[in-house]
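We call the chains A, B, C, D, E and F, going by the order they appear; numbering starts again at 1 in every chain.
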Amino acid sequence: MSSLPISRFPVPRLEDLPEDIRQRVLEVQEKSGFVPNVFLALAHRPAEWRAFFAYHDALMEKEGGLTRAEREMIVVATSDANDCQYCVVAHGAILRIRAKNALVADQVAVNYRKADITPRQRAMLDFAMKVALRAGEIAEPDFEALRAHGFSEEDAWDIGAIAAFFALSNRMANLIDMRPNDEFYMLGRIPRSG
Amino acid sequence: MSSLPISRFPVPRLEDLPEDIRQRVLEVQEKSGFVPNVFLALAHRPAEWRAFFAYHDALMEKEGGLTRAEREMIVVATSDANDCQYCVVAHGAILRIRAKNALVADQVAVNYRKADITPRQRAMLDFAMKVALRAGEIAEPDFEALRAHGFSEEDAWDIGAIAAFFALSNRMANLIDMRPNDEFYMLGRIPRSG
Amino acid sequence: MSSLPISRFPVPRLEDLPEDIRQRVLEVQEKSGFVPNVFLALAHRPAEWRAFFAYHDALMEKEGGLTRAEREMIVVATSDANDCQYCVVAHGAILRIRAKNALVADQVAVNYRKADITPRQRAMLDFAMKVALRAGEIAEPDFEALRAHGFSEEDAWDIGAIAAFFALSNRMANLIDMRPNDEFYMLGRIPRSG
Amino acid sequence: MSSLPISRFPVPRLEDLPEDIRQRVLEVQEKSGFVPNVFLALAHRPAEWRAFFAYHDALMEKEGGLTRAEREMIVVATSDANDCQYCVVAHGAILRIRAKNALVADQVAVNYRKADITPRQRAMLDFAMKVALRAGEIAEPDFEALRAHGFSEEDAWDIGAIAAFFALSNRMANLIDMRPNDEFYMLGRIPRSG
Amino acid sequence: MSSLPISRFPVPRLEDLPEDIRQRVLEVQEKSGFVPNVFLALAHRPAEWRAFFAYHDALMEKEGGLTRAEREMIVVATSDANDCQYCVVAHGAILRIRAKNALVADQVAVNYRKADITPRQRAMLDFAMKVALRAGEIAEPDFEALRAHGFSEEDAWDIGAIAAFFALSNRMANLIDMRPNDEFYMLGRIPRSG
Amino acid sequence: MSSLPISRFPVPRLEDLPEDIRQRVLEVQEKSGFVPNVFLALAHRPAEWRAFFAYHDALMEKEGGLTRAEREMIVVATSDANDCQYCVVAHGAILRIRAKNALVADQVAVNYRKADITPRQRAMLDFAMKVALRAGEIAEPDFEALRAHGFSEEDAWDIGAIAAFFALSNRMANLIDMRPNDEFYMLGRIPRSG
């Protein structure tokens, strides 16, 4: 396991965390087997930590027209466009698990246009990338392109909001040199027998 | 007062808002004399609303090495770079009030390099703009440039985090066609006599 | 009134100006109540001054298919794209006055796609922005898009030529650090009672 | 001689030109042996024609710290960056003649960094290209770089103003599809015996 | 094993390949356990195939100041910048094997500035990325930056030439929709016990 | 004849070249009357030289749906976009000769959209430029646009592969400061009487 710093800023010890944050960290550790570094690195600022994960959960854990794998595709595609190592590696792992597909995360990261995804998912990523890179040009034809693939207006909000939230997340990770856990690199690459 | 839509998505009525959101809206109205449209437009998604304003307050209301006016400068400069009408107009108004300066907001919006600001503020905005536009390239020399003007590491987090949060905010406003209130355009342009 | 320099180059005194230039300056002062800094800052080079204002008047004072407010919209939108503080502030003021609209200038400056303008004006600004930013790609379909909104070929020249002239003007203003007069910031923001 | 159109707009016949314009055209023809198309194509708008050539002459015919060949280098380098066929071909010819150098125009057009020019000229073109492409970022260090090569402040104005004027000229030529005369392509390529 | 097409162009069968190409393919298969798709997809054009692999081997198999892992870093970093899925996935695998490091390929692909590499390797990738993206601006200071880390002029050629060769390779892969073999995704991720 | 260096790297003397390379150089000299510098500058690395010219010949000398002049147009247009002086000057000369047209090379170099070429050639160059500059976005509609002008799939490979090969060539020329021979500048500018 790497002992390299996970942030250029001080990282609080588990025992020094405020109780609500510590509880969440322990739950994640229980569930995943390790604590993703974002939970510790951002805890340097507890108030921002709380808002960050509340926002994250509101977008990534909610019900709606996008599958969980599709949400992660948006994260992976836009995070590579923003050169964010933490988000591509960590959410690439989650995408592999959610999609039960060992290949799609690397494909979407490098060039979603060439990935093993459906035309509907391709349209979803076209919209997400435009929000990520040129949001000021989003206009009616972009929503029409989504509708042509069966996405609702609420789905459009979800797609755009995930791209917008990771515009924030990518910048924070690059700002503080947030390091992805070594565990993420292998997760979801070997299909579990069942 | 304009009767044009303030969002391309449905906007809840004040009486239909969840109680905690309604309370905050009423407080803002009490204090400002009107309800900034962002409070209503984002309330279409209460969970996201709560996270958004918690994040906003954590960054914009906190103590630290940046004045309130300086925080608003970061918002205005990066929001113009992201073509975000709502944020430039609304936070331009707040900047005028906080800085007690009727000119600086328009200057910073168009080209902060030519604005009536201090060299220290200029360095702050150089850093913020790099986080907004090329965060993947942020490296040690950028932090050194801040230190040369007396900014601490915590200040660097503040500057970068504000730029990152408004990367999210700008994209949401462009996604949903959020319209700035007519009131913002004049706020802070005429010095109050004392 | 600000006493900050209005140019990084020497600025001639009114009494030292060549007679023709002095006359025009006095007329402008008579009409506007103040002398816009561009009239003084560019007078450092009288021959260029004469050509500049002759060109300006040929495009901005002529008859044709564009209203005066529409011409100013072109100036404001392209000047913000070129980060030109002087032109956005000064022509924003003129746009507010010509359009009798206190809001449209700030809207057009930040993102004309979200401004309170007609679809015809939106098409006009699409064309102008392409001339400002990627003129080498202007081709027949761009003229067709104008025709679809009733613009003539002569209107297309006007639109493109205004964008081209302010490509010059924006670069001169940034080159010499031309400062907008304080008066411009408030002009046209308060409707005159009648 | 090519019989292809020299503009997408109507081109006046020599005999229909206003007298002052006709005189200048005849003088140019007398001197050069042909009429450069810019003199006819822009004459569709006489008032703009007069301002254009007055501006051109004020910058290109004046005395100062730049040689005539150096002024043409600025035109050629910035016009290629703006994809302007007319200006690269026509001013490339003038540059060859002024510099008495058959090679330098093509070199400067494609990549001035690799051209047979002096370090001083290289610095001049660095400044000119920044004015052409990112004028809003011009700041004190750019002027210092010029001073280090012996350029005065007035020279800086000249360099920047030529880049600015051809920002206009390039956009007009692309707007109206202005065609360079066939004669330009060979001018200055064969040294005259003396 | 995936049965999806590996190219949008016809792919020759092994038995239909020219003898020299078939021999090389069999050798690669013997050594690697599978045939990387690039060997089959490019064989649609035997003459180009021969030149491509001769060039590849001349740069990637030669002796010199760069380790084999370092050469692969150049490929991975520049190929992600060019959105080339095949090269990032296939050469990412080779990089993991050559560097005996399961993490570095994904790090370098997304943002080499944040990867676990030495300052010398960082300087190498700065140079390679400039050749990949803005080769016309390469100048003496870029070579100096390499020398400061002990690279020779011949090393500079190697670095630049690898970036240049994969500028070709990335474009071919994107042109023909070349699909990386499924095997590459896992290669080098699990350390072999010894 | 210029005595300036033709490369920043050592250039072998003719008599020191490996025999196969020397033979080819002598043949070219016999045919052209001079040795294009690329044959000597790249011979610093014989293995790379052999692969380079094998690749070049496989693309530029083959039969197919593109004329020789059309292949050269692709080289000239993409090389100017890559700021490659050697390739624009040298292949501009070859284009003039192949097309028996003294003007088209300079036109295509600066802005192919305004050149004296057919709509089919314009479509060919649109495709080539996209491969040169944004190959990751090449998709089915780009191939359809070629088909609409009668290009086959094999023609598409040719167009894309030439753009890809000169992406390599342009980067090598800029890396090593390869200087075009003085002879190229005049070649093909004066029609041979016959």
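In this section, a residue touches a chain if its C-beta (ideal position, glycine included) is under 8 Å from a C-beta of that chain, and two chains touch if they have at least 3 such contacts.
Given the structure is predicted, the values throughout are model-derived calculations rather than measurements.
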item: Smallest number of contact steps required from chain B to reach chain F; value: 2
item: Distance from chain D to chain C - Cα centre to Cα centre, in angstrom; value: 24
item: Intercentroid distance (Cα basis), chain E paired with chain C, Å; value: 51
item: Whole-Å separation of chain centres (CA-atom averages), chain B against chain C; value: 28
item: Multi-partner residues of chain D (at least 2 other chains); value: 83-84, 111, 113-114, 136-137, 174
item: Chain contact topology (line, ring, star, complete or other); value: other
item: Interchain contacts, given as pairs of chains that touch; value: A-B, A-C, A-E, A-F, B-C, B-D, B-E, C-D, C-F, D-E, D-F, E-F
item: Interfacial residue positions of chain B with respect to chain D in the complex; value: 111, 113-114
item: Footprint of chain B on chain D - complex, ascending; value: 136-137, 139
item: Chain E-facing residues of chain A, complex; value: 4, 79-80, 83-85, 88-89, 92, 102-103, 106-107, 109-111, 113-116, 174, 177, 179, 182, 185-186, 189-190
item: Complex contact set, residues of chain D against chain C; value: 8-9, 44-45, 47-48, 50-52, 54-55, 57-59, 62, 82-84, 131-132, 135-138, 153, 156-157, 160-161, 163-165, 167-172, 174-176
